[in-house]
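The same chain A turns up in both complexes below, where it pairs with chain B and then with chain C.
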Partner chain A sequence: MGASTRSSTRAAERSSAERGRADVTALLGAFCFFLSAVEYMIPKPLPFMRLGIANLPILLAADLLPLPWYLALALVKVFGMSVISGSLFSYVALFSLAGTLTAALAMWLARRAFGRGVTAVGVSILGAVASNAVQMGLARVLVFGEAVRLIAPPFLATGLVTGAFLGVFAEIFVERSRWYARARSQVDGRG
Partner chain B sequence: MGGARERRREARARRRSSWERLFPPWALASAGAAISAAYLFQRSLEVRACMFLVFLAAALLSGKKVSIAATLFVSAGIVAANLLAPVGKVIAAIGPLKITQTALLDGLGKALVFEGLVYISKASILPGLRLPGRFGSLVARAFLYYDRIVEFKGSLKPATFIADADSLMLKVWDEGLEVEDAAARQADAEPARPLALALLGAAVLASYAALLGPILLRRY
Partner chain C sequence: MRLRPLDLAIGLVAAGVVAFSAIAAYGQGGGQAEAVIRGRDGEWVYPLTADRELRVDGPLGETTVVIRDKTIRITDSPCPNKTCIAAGAIGKPGQWVACLPNQVFVSVEGRGAGGGVDAIVY
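So, the complex of A and B:
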């Protein structure tokens, strides 16, 4: 095989992998919107207090996407959800942006640092608690002041429980899902 | 009872459709962003309260879902939380809780900002809003997939949730994205309406006049 043929084959593989990553990012982003709509129907005491089920696709993507695409997914989630709920210019979007980016980075770093040494449950709990802690910090500065310490314990406990629940779900989904297996090969440029 | 609710829903849908026909999404979002910034930096509680009422009216006119009860509940929570840390002159007492002036005004100001930004956002963000560039096209693709997910004919049952979710992902994935986002392209291509632009320009000017007017008056 000639050098130019090899180079054009590599370029085609790269382009196919890029297309695959864009597709996986868009589909997972769409799932974030869908899960966010489901979460919207669950009553909550404060508008920015979320169970975090819309973070499930981000948890799944931690093993699937390289960092730039992974962060793009987090931003797609925040922007899309803010457009759907009409909260783009409100503190709600700011809470969502801070919480989502923190959770995404915490989960990605945990995966890269510990690999399979930490389960999806551990990664998910870490993401949920980090996200809730940052949101509490923002709530202290922007809305509640010192009184935030009163709502912090139930808020962080909720993160712990929902994080564990999402982690278990993600673990089983990754093991059984045919879509996930196909998405993984497409992202790697093998699909 | 059910009839009245149905009529209210229909009226809201009509308002929403008129609002979406009147304003191009990009112009409305830009005006919303500019007004949000003016509102955020507004220091006067009275002006902030007036702007809040205008935002509430705009959100109602836009046909978006507005819950006064939720607004009152959240605002009461924010004010109460701020009252827990007493600051300033004591103006009343409810049992052991001392109501202090500065804490009360701070709480009211924060509640107005929090809820006001929610309403201006509701009024100024239309579903047809699209961003330019690579990120914009990624978001647009995600919205196309979202439409497919919402239209999915199968069901997600609790007992077989993982298998059902997997089937849904596979189906949406296999269909691909052949369909062009005609609605979005049409919205982007639509010429801006002069009346809409004049209204939005006036709203932005008014919000900045309310912000900068008192400062300029004091100076000159």
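So, the complex of A and C:
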């Protein structure tokens, strides 16, 4: 009797955790859409240079979501960004997909490998620079060839700077946000 | 917020990558500054000293590139954002401007020794 109550409590906790993860993924996905629109609005000094603010929800999620939900969120971000910038059915969407998935995986692995030994600042810089490096590699193969070496320095430097700023913002947000604390207990099935 | 040593390590490695890419891009040079235009159909090199207007074919249509007063700029392109037009004129080796949707890449490179050639088509 006691054992079956315990296991049904655990099952309830599990399904509530799964619901919590779905909720958090949906909300963060919506933020990706919104931040993509903000990103699109901001004038760029050079073509396809980005602040990467639409990656902020993914950076926050690296701590929150298990891998399948996390990857789903990354795909939602790629879709949102491509719809809003109008590049969904062009090869430019490939850059978004490759860059976002690289950043997402790099950030997730860094978080899993180093735990609390690294803050969102390091995680964010790693994601930004890895994503830009992969996009440069893709640009070399698909579009620009050798000329990529001219594009790379400002592009990678932007990644370093914006990655650091986003990381600082995320770290402060995680420290102070009540929503984040609640989301954390939600994805654990305690909310 | 307190940064950990690993944050600094990641930052330093990233800065190293940036520095390496900058050396690879701007390390060589010297020579005469030339305009290099890469499009879907090939690569063209023009001197910056002679004013001219060029049309480069891409998947979306024609991109117009103008060389004037030792600078080069994209004046028209059939892309949605027109970021390439907004980028303005470039004239120093290492500078570039690109229209990603129409696959046109324009850069100034200091690689040639100058000379009497008007244009080289690859």
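Quick notes on this one:
The criterion applied here is as follows: the second predicted complex is superposed on the first by the 181 of 191 C-alpha atoms of A that agree within 3 Å, B and C clash if a C-alpha of one lies under 4 Å from a C-alpha of the other, contacts with A are read in each partner's own complex, and residues count from 1 in each chain.
By definition in this document, a residue touches a chain if its C-beta (ideal position, glycine included) is under 8 Å from a C-beta of that chain, and two chains touch if they have at least 3 such contacts.
Given the structure is predicted, the values throughout are model-derived calculations rather than measurements.
Taken together in the superposed arrangement on chain A, chain B and chain C clash. When the shared chain is aligned, chain B comes close enough to touch A:Gly29, but chain C does not. Contacts of A:Leu67 after superposition on the shared chain: neither chain B nor chain C is touched. Of the two partner chains, chain B and chain C are each touched by A:Ala147. In the superposed model, A:Phe89 makes contact with chain B only, not with chain C.
Once the two complexes are laid over each other on the shared chain, residue contacts for A:Arg182 go to chain B alone; chain C is not touched.
By the touch criterion defined above, A:Leu126 lies against chain C but remains apart from chain B after alignment on the C-alpha atoms of chain A. When the shared chain is aligned, chain B and chain C each come close enough to touch A:Ile172.
Overlap of the chain B and chain C interfaces on chain A: residues 45-47, 86-87, 90, 92, 143-145, 147, 150-151, 172.
Residue ranges on chain B touching chain A, taken from their complex, read 29, 32-33, 36, 64, 70, 74, 77-78, 80-82, 84-85, 106, 110, 113-114, 117-118, 120-125, 127, 129, 131, 135, 138-139, 141-146, 148-150, 162-163, 165-166, 169-170, 172-173, 177. By the touch rule above, chain A contacts chain C in their complex via residues 43-48, 85-87, 90, 92, 110, 114, 116-119, 121-122, 125-126, 129, 133, 143-145, 147, 149-153, 156-157, 159-160, 163-164, 168, 171-172, 175.
Chain contact summary for the complex, chain C toward chain A: residues 1-4, 6-11, 14-15, 17-18, 21-22, 24-26, 36, 38, 80-81, 83-84, 86-87, 94, 96-101, 103, 105, 107, 109.
Contact residues on chain A toward chain B in their complex (touch as defined above): 22-23, 25-27, 29-31, 33-34, 45-47, 72, 75-76, 79-80, 82-84, 86-93, 142-148, 150-151, 169, 172-173, 176-180, 182-183.
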